[in-house]
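The following pair of complexes shares a single chain, chain A, combined with chain B in the former and chain C in the latter.
Here is the complex of A and B:
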């Protein structure tokens, strides 16, 4: 008889590992089962081409909760974040906008395009800071149920309501606007320069199947602005050694606290007996028992692959089917022979030591979305580019570089169907390089190796359903007490002893760790293990 | 000359407020820029012998409270017994014919069994949610910053009325509200043309397409705001009764009186001056013009706090509606259902058709295949046209106010061509039937009705322009930061359409009633 655990976590993505670490730290016996040969899920570093370490999917970090970094002692286990210096947006006319980590430098840059906008920036940041101070405590809250008769739920809701009211009329109005407006409209209220608004608005669309003019995207913008490193507001960074190092640090922390982690251990099903989970079966047939099983996979994979509708009530299945997780983005990773030269700012410089946004105008971004709505990838996509090897030489051979390009929109559901992606992959990659070549004319000569990931590839390789990087879209109807589905927003599932702990639960996607930590907290609080 | 209360604008909201204030014993003067009263609801001959019924179509949301309080029945208003079904023709097949209110589906609906079953279930759901939401629409917006016991109680009551929906419906409502109408309809229905027809009200007047999040809420709100089967004679029938009631209660209505300025002294509104130079003093001023026109045009910059001006400037009212009147020498005959006459028609066979016309509007382009909402009022009221003839009212959606290159006669003609060729695909002999036509672009609507950017709802219906944020937080309760100046048009809660509710709430606010 094999060993039995307090908890088995299916999936060694960052949320699964965070959950494991917290449970192990609380003295529970925990086993993490990862299908692949590397840990991290979508937060992973891989040497696809010799000497070049790609942050294959997720490429920058900022949302990782500070209390998690502290509780799990991540710096001790090798986590080091290198802050981005600049947000660089080259323009087709040969000019460019740089937003620096130094507000004064940024102000001067923005003033070249609009003195009025430059003056308004500090107030805008202050306002968003206030909003995020309101939202942040909600991130670590298990969502209260608005229909519950339980006084605790009502009390929690009342508390949220009172905090909202305490913001005062002006800030509350802004909060409602932020929760409901499109990022383009929201920015229109503040700024006039398209050159500034376009790269600012993209935070609102990353990972969603929405355009910058779609209502609700301003919230996603806040979601991305909430990031903090060392308490500094709105700072993004690279993990030294690649994004996979974040996962490795969390994994080492989990091991330190006593968790076991097995690689290449694909789970084929969750054992369910009379509506109760008792353990898992691996693909080889091995069975492992545990008091609770926790899924760190996305909700669709969790319920339709691991569990199966035969164990679910049809009503729940129907609800889960409606949970939307349309993937909208792809990724191109390049190994480069040297530093790419941008027409608008030639040469190497601090402007490349951050992220580079191909987002020349609001209409450009909206048109990219229009194409995707009808099932085509954008011929002129929005791209977010980083060259981490410029600040972290460990990820590429000397003199060489890695370039990570996040591309939107690449709809999972092509009009020819998702299965057409293998034939379309090359054309998609070409559209990306063609667009890039408008800003970096010599890029083609520098490419040593090119990895193109469509959302279909991300689904196949990383196991994210429909390639959705957030385990489900961040629409208002899929947030808070509605995430992933109404009635099941508290990390529990209709199957007893079977839980969820990943981005498909509150508060959602990004390398945040909050779902994993919240689920662990809830498990321990209820005494389930 | 002076009055106790001046109401600016003799549209449906202005006349409602004037009637109610006069009935309460106030001396009321209504100033209307046009030569006739009625605003967007004024009926007028657009071609000799052919009468229009006003800009908008739907009068099912006219508040019963207004009809009763002003005894509109004794001023000639009568309500229809039932709503005519809406016909969506198809290029292939018979199209669909769907009742929109509580009526049974017509026998020749053209829907699949699935859609018939789910139409019934969806309506029941909308009905339940509508019943829970209607208290919200029948009261001024909740005052979230109120400290008074009464305010808190009324907010609690709203919350409880929603909770009464029960767990399943409430969660479904909360989930559905922020969704895009396309996703909602795809969850429920299978027929593309039915979905396109049902999506239309959700995107009407807003700068959104069926794939824009939040549009589902507007379908729910429109359902909730329905009170009956509509007013006989449409908007023109309504405003005629309102005008008669206002006058009977003693209000004076002066047409052809265009306001130039609202006079403000030491933060308090004291009167208005007209473009003719004439001035009127008043204790209280209620403007039923849109918020931007009222605050940014009528009032001197110096008289308004900067923050308030900014809030009003930020109200989004990008017009996307154009209007076309057709005088016809016979009924519109659709090739998909020959020999039949329909009163209400929507053109658009797929959700993506609507979305594509919205796409163009975003960049200031004319829609090639515009989405059309058509009402042929002469079907139920033959007096509008010579015997055997008809008038057709077309609301053309996704026509941008901010047209690339600007609006001119050429652009208007191009719009006309696009509309007629779109309709002509379904009505083969359309061209032969047209006796006369009148086209109003968003810019024409602005000029004719004084609606900023030609926005028919005086502000886009959007999640952040509702309730205590309509038109903006500091004047969401009809009073503005300018003392004794009130707003009471469609720009205020509960918003646009022919409801008369903003006018009624504004009058009550002036009278100090809740």
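Here is the complex of A and C:
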């Protein structure tokens, strides 16, 4: 008889692996099944071009919970994170703004554009820090159900309420504004300089199909602001060896605790018998049984591909269909012959050791969104660029570099339909390089290889529905006890013994690991295995 | 007034922060930038180059050199082969530690000893009856430490052949450009790394050649503050910080034996007489009074403590070295002597001296924390050192 497991995790993305590691650490027998030949899902490093290691999709890390790093002993298994030095925003007129890790340097830079903003910046940081302090404990909490009369839910809600009260009226007002305003409007309340506001506002739109002037984006800005490294808020970093190294470290930790991981083992369906899951069937026909099956795929793929509506209540299916997964971004990865030279700040320097934002003005960003609204990719997109090889030489041959370009907007649903992406891919790549060439005129001569990923490609390759990087947008209407859908925000599903553990559950996307850890915690608490 | 090291023209040109300190009579860079992260991460991810010229260096030569060194060191140096390096400490007659450092066997009868504080008088005083010559080479030899995962590639570029085969705790001779150097596979970061020993007249050429070779590998000049974090992660003790040299102690209680500074593994008791042997043997039988341990200070509890004040947790940006009281059930049972937040491990770490009975791995203690001028405690657990021990260190 084939071996049976306590838990099978479908999908070897970082959350699936975190969940596996916690369950294995608690002594449960765990099997992770990954469709691809590499682990990591969207947190993956691949040597697409010899000698150059691309962080193919996800490229920076900040939200990975430090307690997960400690609990799973990830540094011992090769996890090392290098913080970004700065945020560099070159401008079309040849000037540039750089926000540094050194507050005094940043003050002087910002003061060139607005002395008022320069003084305001520390106050703003303090205010957002306070918000982050409020939100942060919610990250590792299983969302309480506000409609429930269960004493545990009520107690948790009370705790959240108390924390909100403790913020005081001023901060609470600000929090409500943050929850409802657009990032551009929210920043307008603080700052006057467009040059400063534009790159700050973009963190409100990443991974959503919204513009910087769309209501609700201010909260997403906070979600990104919350990133922490070393207990310090708002530090982003590179994983040494690329983001895939994070997944590999988690996988090695999981194996160390006894989990089994199988690659190239695509699951075709979850076996459901009388409303209860009993195991999985692989594409080759192999059946494996387990007490619980946990999906680390996005909610749409989970319920419409793994399970199928025939096993679900139509009401639930309807809600799940409405869960928004609109992909809005693409990715271009470049292998470069040398360090790219920016007109606004020529030469190699520390300004290139952080992220580089092509976000010269709020209007520029809104125009980029305008095109996307009507089914086109932005001809002048917002781009977030990093060159990790400058601080982590292990990802490129000596003297050569990798450049990762996150591009927004690239709507999954083109006006010609998503299936038009293979024909549009080249034009999309050209738009990105053309835009970049305005700031780095010689970039074309330095490109040794380029990889262009549209949201359609991300869906095909990584299995993210519509190429949405967060397994569903981080809008307020689908966060906390509403993620992915109301009544099912506690990692459980309407099918007994079938669970969810990835970014489509609370607290959402980014290389955070919290959904995986929370799901494992909840599963162990129930005594299901 | 400290004096410049032979590398000063290069380090001073790069030190934009003007953060300097005095180290053994020399000007030494604390950090080149106002933010030390890039220098720390250079050590852990690429390579950092740090001027360690202020170390004291002594050459011991003569036909009795091995016997003499075995007599002053707690470790039997007669076993050390040519081309190898050993780490040891040396003690007074009572087995109390004076200093610790490396001993490199450069030739049949030639050894080089490094130390943190001047030890010439002590060695010279013990040399009577041995056919040895001890010479203080501290000013004749400048030194650089090149540490980090890319250090091997960089040195291969600067030196050429031979570096690749240089194993952990070995020494080789080579040339960087036209300058003869000694290279040891040693360091104070617990990472893959090398130390390069050169006469002062060739110092700048060596610096330039290493920096040039390192350009494509992300090399960075690094200062003492960054190295201090790495040495705590590596669990390395520092004289004058984690213990006090016995001749400098004002009272007996300030002294620590070789066992009490965590170097018991180096002590070879069963051999001909050496300084401190009797006392150390007795201590081994009787048991030590103190133990040097690694501590993992609970981050969750620290965060909760700060949260109770409505504050985010606060940590100093660099390693600290104040003595901080440790408690067990309300009674003070020791002190933490240095510590740091580990950016790699995401742990709040410390090295500490505790009453020996509380030195076992897994022992739960409490460490004092001051929040808003109020003294509180958070839990700390005795854990294994090195805290961070990457495979590449020995690879």
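Note that in this section the second predicted complex is superposed on the first by the 529 of 529 C-alpha atoms of A that agree within 3 Å, B and C clash if a C-alpha of one lies under 4 Å from a C-alpha of the other, contacts with A are read in each partner's own complex, and residues count from 1 in each chain.
In this section, a residue touches a chain if its C-beta (ideal position, glycine included) is under 8 Å from a C-beta of that chain, and two chains touch if they have at least 3 such contacts.
Owing to the predicted nature of the structure, the values given are computational and were not obtained by experimental measurement.
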Combined model on chain A: chain C and chain B, fit or clash: fit
Partner chain in contact with A:422 - chain B first, chain C second, else both or neither: neither
Partner chain(s) touched by A:308 [first = chain B, second = chain C, both, neither]: neither
Three-chain overlay, vertex chain A: chain B-chain C angle, C-alpha, nearest 10 degrees: 130
Which superposed partner A:66 touches (first chain B, second chain C, both, neither): second
Which superposed partner A:441 touches (first chain B, second chain C, both, neither): neither
Chain B versus chain C as contact partner of A:82, first or second or both or neither: second
Touched partner set for A:275, first chain B, second chain C, both or neither: neither
Which of chain B and chain C A:94 touches, first, second, both or neither: neither
Which superposed partner A:398 touches (first chain B, second chain C, both, neither): second
Lowest C-alpha to C-alpha distance for chain C against chain B (Å): 18
Chain C residues within the chain A interface of the complex: 33-35, 37-38, 41, 44-46, 149-150, 153, 215-218, 299-300, 303, 307, 310, 312-313, 315, 341, 343-347, 388
Contact footprint of chain B on chain A as seen in their complex: 146-147, 165, 168-170, 172-173, 176-177, 179-181, 185, 189, 210, 213-216, 322, 324, 363, 366-367, 370, 373-374, 475-477, 482, 486-487
Chain B residues within the chain A interface of the complex: 144-145, 163, 167, 170-172, 174-179, 183, 187, 208, 211-214, 314, 316, 352, 355, 359, 362-363, 462-464, 469, 472-474
Residue ranges of chain A in contact with chain C within the complex: 66-67, 69-70, 75, 80-83, 85, 100-102, 104-105, 129, 133, 166, 229-231, 233, 240, 350, 353, 390-394, 398-399
